[in-house]
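After this come two complexes, each holding subunit A, first together with subunit B and then together with subunit C.
The block that comes next holds the complex of A and B.
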């Protein structure tokens, strides 16, 4: 059986989630509306899901919207915040290590001259520089957007402190956190009410693909970039994807069931992967922080002198799925910008292997990886022009 | 778009030929740069201008290893002149094809071979002193591949101007300003041109594309 360590990108849909969704395609396939039986049945299903997510975020049900993809939700959050205020050149603050769904959006706005952007640098563990952040917030700063947990190296940002710094510097600045990689990984989202906008993709918690919860606090001036029927959401117009929204609620319910033990299982397996790999393979570097400052489901290692796509391919041939920060594996041949921003070291980025876990990851999967990784790395070091002689014997 | 390696590439990746180091080689070269991600070292044993033995080392992806394996196969037993005439397209063909985005790997392997042969000629005082000129620079740019098309930037007519002034090289290229491969292309041009004799600085200017 394949060992799958790429849950930061995709998880299987839980059977119970699928069962909950099915009738909303085949029998109750209706669009939400007022008064009629079909319309109100669909509307009530959406409201149930809104209530579940409102409870998670500490907000109200009508503050919860559902976008059809994670990128869409983040694009709406960022562009909506900018459009909502009529400043000549609004200022956005983000960090140097964000996921493409916000980073690419922000860069595009910057390129078109519509906004000014400050990219807050990070330290060697991926934590944003709070002093630079404090100094960067100005009267024109409309939005600060960042991932509460980093997708690549699992850094858990001190978001409560970050929120406090921002609001002290400018109470009107909006705060958007993408909590996608914190969902099911952090014990709670108690920091949520300190933000104005939150996004959470459900495909990382065994929910259906695409669907992403977008929370917009009441009174936040936001004007989404998408136009269409606003009957159900003025921020995410169009016909809501009722089956996926129903699935999102079920996935959340299952995720919250015994969450502490889920987190504990991931943390234990994460530490097995990190510690045992570092014991088995000399000169292995851990990218990102250790212990409680790191997501329990994130492992990111660089095996010195070895390029990541080769490691990924060898593992793939052994029925093991991982992800890499190597430029070779990137469609645009760019090394991972997160590792580059943290260490300024191309080799470390090209060599980075990311493994992301879920609560059903098993010891057997971890064993399978540990069985083959020393052989793969030593084979590749043997042929690497960068490796010292000791690896050539 | 799904990009896959064919079985021959995988076979060379898993069991590369001519992999390793030659102790006291007659010539050697290391090409590539950390920024672009892959590097290849080539070692040669030469007798009577024939490549008697060749070994390689690779820091790179599966196609990097596979192309180094096949290029060293192609070069073994060849005269220096024959080795210098091996083209990267032959390596791709011999491997039964590569995804275009990976063509630059085979260019790197062929460049490594070429650099090692030149190292031998230089050591033996047989390499005519090359003078820095725009033609010499253009020669290098033939080895810079535009990844989505797998064609070099000279053939694609993306090189608009090459100026050489007292070791300072200025190259003007034409790519859309938001071309996702732009940075990769600029890095590769700089890496290849800065290795030429007498180069003090390399400036790459993108003039954009007409349709913008």
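The block that comes next holds the complex of A and C.
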């Protein structure tokens, strides 16, 4: 049995979610429409999901849309809001530690000359610099986009405070939070009302793949970036994926069932992983904050003198899955930009492994990791050109 | 048991497709990556699907991408190719009878001043005017985008001839065909080599919802319109939906199994629907071509003096699903633009119903329709202000 610690990239789809989706694939596979039994049946299923997500976001059902991928949702939120304002060269703000779906998009938009971007620096725990943020919001700032919880090191940003700072500096600046890594990790999204746009990928909470909830507050103008039929949604063109939308509602319902004890279980296992590994393996560094300001599901460690990728490969051979950075950075073996922004230390960034838990993660999985990690790190340090002599014996 | 004749909008997902997808949801729910067991397992599954679609399109596996929605795929093909050429105001060409995912996109791009568009007119059977096409392709024409088989009236365009005309007029003009309504309806896509971009939505061949295969011939520059991590695909940013990509390959395999007899069965039932309805109901008009130049799965009829929507509603009450136009036009009750472009006749356009078959459509479903349609039309003509006296008795 594999010990899987990469839930911030993908999770198994819950059996109950698949069961909820099945009739919409096999029997009620209809496109939504206004005045037939088939069409209204599908339309009502969508509305039910919209209601569930509206409740989560603190918005109204018709403000909730479903995009078919996380990247698509973030592009609609960011590019759509920028286009909606129709400025010559709009100014946007993000942080230095965003996930690829935001970071790569923003950099590509910047490169193509479509936007001016300010990247807010972060401190050693990954918290955005609020003073720099305050000074960066100008009259031309169309949008601030940020992950509410960092995907890499689990920093829970003070989003309520961030929202207030932004709206005080410019009430017209739109605020977009990607809450993907907060879903099922934060007790609620009570900070939502000050935001204008929220995205939440459902594949990280044991929901269907791809489908991503997108909340667009009434009055926020969205234009593009993809165009097509607006019959079902003014925001996400095309035919909605009804089974996935149904599955998204089921996944949310299951996630919310007993959420405080889910969070508590993750937090306990997270702290076992962090503390026991640091006890077992000398010169292990924790990346990101400790305690309540860290996502209960995030562990990010650097074992000095070794490469994260090597640790990942050795763990993989022991049937243990961890990760070394964003889905994006991975194949290129680039140093993770989050750790780099936090510590300015290439070695620390190259050495990082990330473990992300879910509410069904077990003590047995944690034990399995703890059993092998000291041996793996010491083997790698033996052959590392960087490691001091003490590790070579 | 409902008789369902709307397969050009959505189809049931085949049980074998769901079975093929299930382990990728429940056990192998991993993100693709380069050097771990989990990552390469997922990556290999994607490659297998790329190979299957490369064979269909006559291209290479790494030219095949999977977008998470039909609209997204068409936007990447059209907007991506336009952006890739970086012209000031690029000229593109489409036909007057495209599906919403292309038509609405093109119109919105035109409206925002991003492109100049030529809409090629069609004849009474829905075939594009080749002379007008020839004269319309200029040195500035970046792209021609067209459905290979029309979604509304089933016209099979002479795409091979169309491609030659375009490439003769300007070899640099890119050709994009949406082959969605040809998949499982045409014996093969032998016309593909002269094209540069193809899109094929898999939810119309009993595959997973949303997922759409996108072929981009090597060397075709694509830029945007959505941005993000290019780790898995330079063309479709973000994390691929592995289960859907696996399901897409299974759906294609099932579709190709005994395809000629599938086509023959649809053609036979199509002609039963057309001929027997026209015999049973006076003043019934066939929209689009007859015989081999028409998709074997498409029936599009206008019952004079009645509204298509009324017929659709009455049929719905008899547990029969038909449609009146594109998914898009539907909720707004606009006259279908395809019929309008073909005949210039609002009444004919308002009166149209479309029935689209699949390979599992049965004689019993056809009988069920034929049993009730004369009564429904005659009831509606009795109350129609447009119908002549003979129908009022």
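Everything below uses one rule, namely that the second predicted complex is superposed on the first by the 387 of 393 C-alpha atoms of A that agree within 3 Å, B and C clash if a C-alpha of one lies under 4 Å from a C-alpha of the other, contacts with A are read in each partner's own complex, and residues count from 1 in each chain.
The rule we apply is simple: a residue touches a chain if its C-beta (ideal position, glycine included) is under 8 Å from a C-beta of that chain, and two chains touch if they have at least 3 such contacts.
Please read all numbers here as calculations on a predicted model, not as lab measurements.
Once the two complexes are laid over each other on the shared chain, residue contacts for A:271 go to neither subunit B nor subunit C. By the touch criterion stated above, A:243 is placed in contact with subunit C alone, subunit B being left untouched.
In the superposition on chain A, A:109 makes contact with subunit C only, while subunit B stays out of contact range.
Of the two partner chains, subunit B is the only one that A:347 touches; subunit C does not reach it. Once the two complexes are laid over each other on the shared chain, residue contacts for A:129 go to neither subunit B nor subunit C. Contacts of A:309 after superposition: both subunit B and subunit C are touched.
A count of residues in subunit A touched by subunit B and by subunit C gives the higher number to C.
In the overlay built on the shared chain, the residue A:37 is in contact with subunit C alone; subunit B does not reach it. Residue overlap on subunit A between the subunit B contacts of one complex and the subunit C contacts of the other covers 309, 313, 317, 326-329, 331-332.
Here subunit A touches subunit B in the complex through residues 111, 305-307, 309-310, 313, 317, 326-329, 331-335, 346-347, 350, 382-386, 392, going by the rule given at the top. On the side of subunit C, the complex with subunit A involves touching residues 2, 4, 6, 9-13, 15, 18, 22, 25-27, 29-31, 33-39, 68-72, 74-75, 79, 100-102, 104-105, 108-109, 112, 203, 209-210, 223-232, 237-239, 241-244, 309, 312-313, 316-317, 319, 321, 326-332.
The touching residues of subunit B, when paired with subunit A in their complex, are 5, 10, 13-14, 16, 19-21, 30, 34-41, 56-65, 101, 147, 178, 180-181, 183-184.
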